[in-house]
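Naming follows writing order (A, B, C, D, E, F, G and H), and every chain is counted from residue 1.
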Amino acid sequence: MSARIWNVYLSGEIHSSWRQQITEGIRQAELPAELSGPVTDHEKSDRCGVAILGDEERPFWQDHKSAGINAIRTRTLIGAADVVVVRFGDKYRQWNAAFDAGYAVALGKPLITLHDEALTHALKEVDAAAAAVAQTPEQVVEILRYVVAGELP
Amino acid sequence: MSARIWNVYLSGEIHSSWRQQITEGIRQAELPAELSGPVTDHEKSDRCGVAILGDEERPFWQDHKSAGINAIRTRTLIGAADVVVVRFGDKYRQWNAAFDAGYAVALGKPLITLHDEALTHALKEVDAAAAAVAQTPEQVVEILRYVVAGELP
Amino acid sequence: MSARIWNVYLSGEIHSSWRQQITEGIRQAELPAELSGPVTDHEKSDRCGVAILGDEERPFWQDHKSAGINAIRTRTLIGAADVVVVRFGDKYRQWNAAFDAGYAVALGKPLITLHDEALTHALKEVDAAAAAVAQTPEQVVEILRYVVAGELP
Amino acid sequence: MSARIWNVYLSGEIHSSWRQQITEGIRQAELPAELSGPVTDHEKSDRCGVAILGDEERPFWQDHKSAGINAIRTRTLIGAADVVVVRFGDKYRQWNAAFDAGYAVALGKPLITLHDEALTHALKEVDAAAAAVAQTPEQVVEILRYVVAGELP
Amino acid sequence: MSARIWNVYLSGEIHSSWRQQITEGIRQAELPAELSGPVTDHEKSDRCGVAILGDEERPFWQDHKSAGINAIRTRTLIGAADVVVVRFGDKYRQWNAAFDAGYAVALGKPLITLHDEALTHALKEVDAAAAAVAQTPEQVVEILRYVVAGELP
Amino acid sequence: MSARIWNVYLSGEIHSSWRQQITEGIRQAELPAELSGPVTDHEKSDRCGVAILGDEERPFWQDHKSAGINAIRTRTLIGAADVVVVRFGDKYRQWNAAFDAGYAVALGKPLITLHDEALTHALKEVDAAAAAVAQTPEQVVEILRYVVAGELP
Amino acid sequence: MSARIWNVYLSGEIHSSWRQQITEGIRQAELPAELSGPVTDHEKSDRCGVAILGDEERPFWQDHKSAGINAIRTRTLIGAADVVVVRFGDKYRQWNAAFDAGYAVALGKPLITLHDEALTHALKEVDAAAAAVAQTPEQVVEILRYVVAGELP
Amino acid sequence: MSARIWNVYLSGEIHSSWRQQITEGIRQAELPAELSGPVTDHEKSDRCGVAILGDEERPFWQDHKSAGINAIRTRTLIGAADVVVVRFGDKYRQWNAAFDAGYAVALGKPLITLHDEALTHALKEVDAAAAAVAQTPEQVVEILRYVVAGELP
């Protein structure tokens, strides 16, 4: 009945096309949903701190400056989201993805995790806090389509 | 004075036409109110989990998957509601309706219950937490008309 | 700089024209403010409960039903307000006005009280919780004009 | 089962012995309850501001200073209370009592009001927000005895 | 490592001995846990309102008065609990149990449900919001033993 | 992806043109951001209390009245902000700027501080609570451009 | 009536004996109050970061490390306080004192400011947010004595 | 001044002796601190779900049951903690550690991270949210000693 816009935050892996697949799926399903996420240009994300606020000798403080600026974006958008989707890939440690998941859950946001079955045991605590555990971007789109529009495949 | 839109969530019984009656009453009264609610197609609601995320052998996990996905919708919309109406019918146990009522009250949402007089004793704790206890959909429409527009029958 | 709409809730006395004076002042100053308040038709406010939900023998429950329905409106609008103005007249006890003031303060809403100087001692606790204590509707309009638009008389 | 101590805040009228009656009733029933309340010495309560912080010419600021100091006590103790009892007498306007009631309700504290039947209509909004409406201190003691110890008269 | 006392609230069915079984299990396991719950004497719970505050002609208001007083106890103790256990039996509608579950979940309290397998489908939304779904009081004791003391059967 | 409007509150120094520089930078970058801030006309800000609500003999109460009215604006806009920027100049004590910073941080708002390097030691606690520490208005614009639009210089 | 312990946090100036005077006054008045505050050894407070976590070349990061560690203490103790007292001296900028005041107010803690009359205009926003404005440590003790024990000088 | 007990939650790696080292350091420094943490027996932690609630065929649901029970413990203790320490080792993905960090930060708990310098870049977002970043358990003890007792090495 409601014509509300759903805000969906897409956190996690930035080296595959899963965000585009979800975006395209949302577009095709014509769902009233706005997607948001972190800055996904890896290099920009890493160097924004020193690029704007000046260089640092130690890598720790280089990272610290960038992470502070990125957090302005990520925490604000997670705070404004209705649903948070977190994607875990099989490369990298992606601790920020798990951090976002914990942050979202503490705020009471419904969490959808997205990862291959091979990561099931490693992600058991995160998955147990999720409203749904998906393995493909298509499943995330289907969940959103059902949640927003009440439609099933 | 205010031209605000009121968000009203309609929780509970899905086997009678009470939602349509309230929707039609709101439309006729031309109230600035947006109604929302769960997915009311019983079968979809039951099988959304396995339909999207894959089958399960045990009925418990079939239900668990569906309930998780439904909760994304219901908790988000209750959280965004100004007023929550919960309808109890005389069939089924409808524990999810009572769960929604408790959830809404803990969030500080004004609650309107809707049920026959015969259920009065069984619902005494829920009714005592409600701002109003109605017996017909028409009464719910009248409450909303008064609350939103200041008009009485 | 901001073009935001300010929501102002006007609580309290319903037997004088102070709401109209503030409404007119806001209109003349062309402030981006939306005013809201309780249903100010005293009779409707008193009998909405029995008119909609059926009569009661005891006056206590007549009042109880009406007060519950009125609270749906007042608490929702106070919760959505940026600023709460509470007017105390010299007649009646107006405990609901003081209740609204306490309710608003606990929610962190800035409170403006409006009353004659003669009531100063009786209202000392309420006034001490207020951001401003006005004696005329014109002063309330001037406060809002300054707060919203940065203009002084 | 639980051996917890219940904190009960007694707000309102300071010119009758209702607090002593409740205190004595709690003592006789040997309930694990700690009672708290405002400073009930009217003169001290009125002049604490100027007595400590220096005199003011205008009565408004005399009251303002005292009310600020009293609020340190009352808001802290209401915030720490499990249950808030508010007594309305038939003299004085007692707007601070109604303010405390609204403040407590917004914090989610269960409210018990205590007043004569003659005040029913004037207190309808406050009573509708209360978990119980008592007419005598004995009833308040009985409510607490039942709530804390599960015993009825 | 920690010597903290865990507060566990036991909500729901009052016509079987499940609370005693959990209490005894906690005692035998020597867990630092304090159990609390509603007044479980059915008749007292039903008539506390009229017994203390005076009779009512209509059963609805009799129930209403009792439910208000019972809510002072139940909401306070749920609010103070670390863990909330809700038992659903096969008799009665037990809407208050489901209401308590929803209330607890909205407050962020970990929920343990306790019911026979036959109720699985009817309780799917409530179970999906639970951290654990038990079928026997012994399992609840084992969960608490593990959570509090890190011991398994 | 998101087309949301970002609300940015600019607190602190009112005697230099830093707000205009940020406003102009936001305009040139065509960012979807709305800027807000206190009334920056120093004289108006100081005398709004007495100008609207009547004069006071003691300067303390003159200031008190004005500060109360200014707080209606500043706290409301900080509460509605996504990001709070606080500028510290080298003149005046600017305790209200540091107060706003503490207020914003307690509300969970991301904080950007803006000040010369010479103030680094004096501002160490405030800077440590900030997501970013800038030295020029251009840097603040660049941070916002990156946060809102993902673009780097 | 209540025997509760009051937690009072003493923020601000560390170069005079005001904390000792308040501590001694509390002791003499035999008030059930526990005082807390930041580490007041200026040198320790400045170098704790590098002393524990290793040196930094840039003074900014030296300060940053220390401020982070100090914040663990100050925010935890302010969060646990019933009342927050903030002392402003006439030396140094003391932005951290004003930051603490803003932080405390946003958490809803009653604030008492303590400063000479000469600082009145500079502190007007902070004072307007305070429940009481004192000029001497003795006055703070008297406020606490009245608030805690109901006694006046 | 204060004699309060500090609650410190130790999250993360369970395959090295860092918890014992911190516990021993706290003991030697005689700090009034209580340490808590997850069940650190890896096998118990993995099989608690099926051991108590019955076996599952699919590993996903085995993990799910255990994770739910473990979450009762971890979320309750993090919620009750004053400070949260999260240790990242160089083995395993430890997404639950990062999840706990995000959860703690969203609750406003001061976070201390503990990891080797080699993990600095991978942990930049988590570290940026921390009040302190330590590399050895001894440093964590020193931070706590300073925070709790004001003593430096």
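Here is the rule we go by: a contact is a pair of C-beta atoms (placed from the backbone, for glycine too) under 8 Å apart; a residue touches a chain by one contact, two chains touch by 3 or more.
None of the values given here were measured: they were computed from a predicted structure.
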item: Identified repeat of the A-H interface (over half of residue pairs identical), from B-C, C-D or A-F; value: C-D
item: Self-contact between copies subunit B and subunit C, residue sets same or different by half; value: different
item: CA centroid of subunit E to CA centroid of subunit G, Å; value: 43
item: Distance between the centres, which are taken as Cα means, of subunit E and subunit B, whole angstrom; value: 24
item: Between subunit G and subunit D, distance of the C-alpha-averaged centres to the nearest whole Å; value: 30
item: Numbers and ranges of subunit D residues touching at least 2 other chains; value: 68, 71, 108, 133
item: Complex contacts: residues of subunit G adjacent to subunit H; value: 7, 23, 34-37, 39, 41, 44, 47-49, 51-53, 65, 68-69, 71-73, 75-77, 79-80
item: Subunit G partner contacts - residues on subunit H that touch it in the complex; value: 1-4, 6, 82-83, 108, 110, 112, 130-134, 139, 142-143, 146-148, 150, 152-153
item: Interface residues, subunit A side, partner subunit H - complex; value: 59-60, 63-64, 66-68, 70-71, 74, 88, 92-107, 117, 120-129, 133
